[in-house]
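What follows is subunit A paired twice: with subunit B in the first complex and subunit C in the second.
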Partner chain A sequence: MSIKRNLPTSVMSGFALSAVFVLTLLNILLQNIPAQINTAGYELLKLNADDGVANAVTTVVVYFRGFDTLGEIAVLFIASLGIGHMLHLSDKCDLKEHSNFMLYTASKLLFPIITLFGVYVMVYGHLSPGGGFQGGVIIASGMLLLLISHKEFEVPHSLIVTLETLAGVSYVLIGLIALVVLDVFLGNFLPHDVSEMGLLLSGGVIPIIYIIVGIKVGSEMSSIVQNLIKRDANV
Partner chain B sequence: MFEFLNEAESIKIIVTVGSMALFFVGLFGLLTQKHLIKIFMSIAIMEVSLFLLFIGLTFNKDFTAPILGDGHTAFVAMNDPIPHAMILTAIVIGMAVLALGVSFTIEYYKLTGKTKIDEMTEMRH
Partner chain C sequence: MIGFLILSIFIGVVLVAFSAVIQKNLADSIILFMGVGLGSVVLFFIFNAPDVALTEAVIGAGISSFIFLMALKHLRSAS
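Now for the complex of A and B:
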């Protein structure tokens, strides 16, 4: 009888993975890869001073990599579409009962504050840490709070579809307008003076695009959460 | 006594060792667990370890976040914004893939009543 028969699979893979782990670490550390990391972003920070907003991460996400962000929210849209298609087909059912009194009462108080905070993070995404993705997820977490505390609450399906469609279409439209005006897809065709950097109304098209991204992410996340929760009660 | 831990090289080595350890914890779970939800959790752990590696390797403790304000008036002595933007993308995509996988699992359980990969025999005949 071989050793393989005697030992469970988990022990075998544990030994094998430990060996691979040690080899990988030796490879990384002996070649001193961490010291060789050469960041290209410092050049990009110099570019950002002439042509960007106060938050350099926002400039990279929305302006320098605006086309990738368009593809990214397309991936999110397809995932949301798949989840909605898979879980929406059978009968939805509400939660069996209301949650406990504390959560039920506190959710009414907390929901407006959470939504306000999400909108703040979204609108100030070009000035402070945060942005459309983060703000959208915060708003969706407020929806999650209402969904687990109120048994009959439902995010209106037509509202989600309308917001999602409008946001997606206006993102592409802004890119196309810039293509007509500046010959650059998703270029910054609105006035963006460097001296105004740091003000709320600055950066031209960048904060508008990030708010659009926030609306789209918020509605898609809300629909994902709703589909998972409403279905979960049924299983 | 532990001042050497504050040096840039030590921080990078600690980040590398820690995130690779987390990566292999996730890979171990991926290889040994049979339950579908646990497999998706392992994939999520592997993703998080790569986020830590990306951010940690480009982190410089003498620099600030790449945001103007709080007294900063120029984009000097700031951390590289590209890994932050890349990881922001990766987090969103990872969340979408995880949610889709979990909903596949829910639907599969609803249809067949099975949750383990070694019980999946529907395609054998």
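Now for the complex of A and C:
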């Protein structure tokens, strides 16, 4: 790699990047963002409240398009499978040297907070923005932090296999139970009363499915990240 | 006022994206790509899409930049 940089483009891009930062800060400081900027989907999202789920996007992703979500996590599984196949190493490389001391110390502090935030985003997916996909990837980024700071750390392979298998099987099982009970694949067969909307235990089967999606996505992304890191350590 | 701010963030995102394309150094390009993600997060959040904003912050600015950086490292060690 060359140390010498192309100066004018670097300066220009630095200016542009700092302009975005300054405008973001300005937005946060001025605080005069109106509560509601009218977009086209807003009136439509208000109609989706009859499933007892406060976050209408979750209703669409898990309930109205539940089979789509099953396909999406299958796609992610295939991507993880491909990366694991291409970057698999037969011999485990062990690097004795530790990373930067600051990173090593800070990761011990940051990893529980990142994991807690990921679990929060995952469990509150039917109440607040976020959900299984985002929470799973946040947990995987916590694993990434541990992997780059602790050289001896490894995400346990048997844990990934167990969690991912159980999550995938139980997603399909819930869909099949709904098929038996309601004649609808992935239907909402648990009680979901609109009056309970906003509570943690509401929405029937939707939060359970989103937590399952989060576990599956988290284990898949962790395995992708680990394969990339371990392969990289040996090169 | 809010329209002006949104418009300026739009222009800033387009500028960062353009300078990410014309960079000679690929590592600079990846850092600027993360800047595009940052601006997009603000825009998504202003336009009532907090779910997409969270996804963009986690996947667009986090994991995909990591994958790009790892790919760049592989390319450098291969060449």
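Assume the second predicted complex is superposed on the first by the 181 of 235 C-alpha atoms of A that agree within 3 Å, B and C clash if a C-alpha of one lies under 4 Å from a C-alpha of the other, contacts with A are read in each partner's own complex, and residues count from 1 in each chain.
Heads up, the rule we're going with is that a residue touches a chain if its C-beta (ideal position, glycine included) is under 8 Å from a C-beta of that chain, and two chains touch if they have at least 3 such contacts.
On a predicted model such as this, the values are computed, not experimentally measured, just so you know.
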- prompt: Looking at subunit A, which partner touches more of its residues: subunit C or subunit B?
  reply: B
Query: In the superposed arrangement, which partner chain does A:G130 touch: subunit B (first), subunit C (second), both, or neither?
result: second
- prompt: If you stack the two complexes on chain A, which partner ends up touching A:V121: first (subunit B), second (subunit C), both, or neither?
  reply: second
Message: Applying the document's definition of touch, where does A:S149 land relative to subunit B and subunit C: first, second, both, or neither?
response: neither
Message: So in the superposed three-chain picture, is A:S202 touching just subunit B, just subunit C, both, or none of them (first/second/both/neither)?
response: neither
Message: Looking at A:I138, would you say it contacts subunit B, subunit C, both, or neither? Reply first, second, both or neither.
response: second
Message: I'd like to know which partner A:L25 touches here: subunit B for first, subunit C for second, both or neither.
response: first
Task: Could you say whether A:S219 touches subunit B, subunit C, both of them, or neither, answering first, second, both or neither?
output: neither
- prompt: Which holds for A:L17: it touches subunit B only (first), subunit C only (second), both, or neither?
  reply: both
- prompt: Which residues form the common part of the subunit A surface touched by subunit B and by subunit C?
  reply: 9-10, 13, 17, 20-21, 24, 33-34, 37, 39, 41-42, 55, 57, 129, 131, 133, 228, 232, 235
Query: Which residues, counting only subunit A, touch subunit B once they are in their complex?
result: 9-10, 13-14, 17-18, 20-21, 24-25, 28-29, 33-35, 37, 39-42, 44-46, 48-49, 54-57, 59-61, 65, 68-69, 72, 75-76, 78-80, 82-83, 86-87, 90, 127-129, 131, 133, 197-198, 217, 224, 227-228, 231-232, 235
Query: In their shared complex, at which residues does subunit C touch subunit A?
result: 1-2, 5, 8-9, 12-13, 15-16, 19-20, 22-25, 27-28, 31-32, 35, 38-39, 42, 46-51, 53-55, 58-59, 62-63, 66-67, 70, 73-74, 76-77
- line: So, in the complex, the side of subunit B touching subunit A is made of residues 9, 12-13, 15-17, 20-21, 24, 27-28, 31-32, 57-58, 65-69, 74-76, 78-85, 88-89, 91-93, 96-97, 99-100, 102-104, 106-107, 109-110
Subunit C contact footprint on subunit A (complex, rising order): 1-2, 5-6, 9-10, 12-13, 16-17, 19-21, 23-24, 26-27, 30, 32-34, 36-37, 39, 41-42, 55, 57, 121, 129-131, 133-134, 137-138, 140-141, 144, 221, 225, 228-229, 232, 235
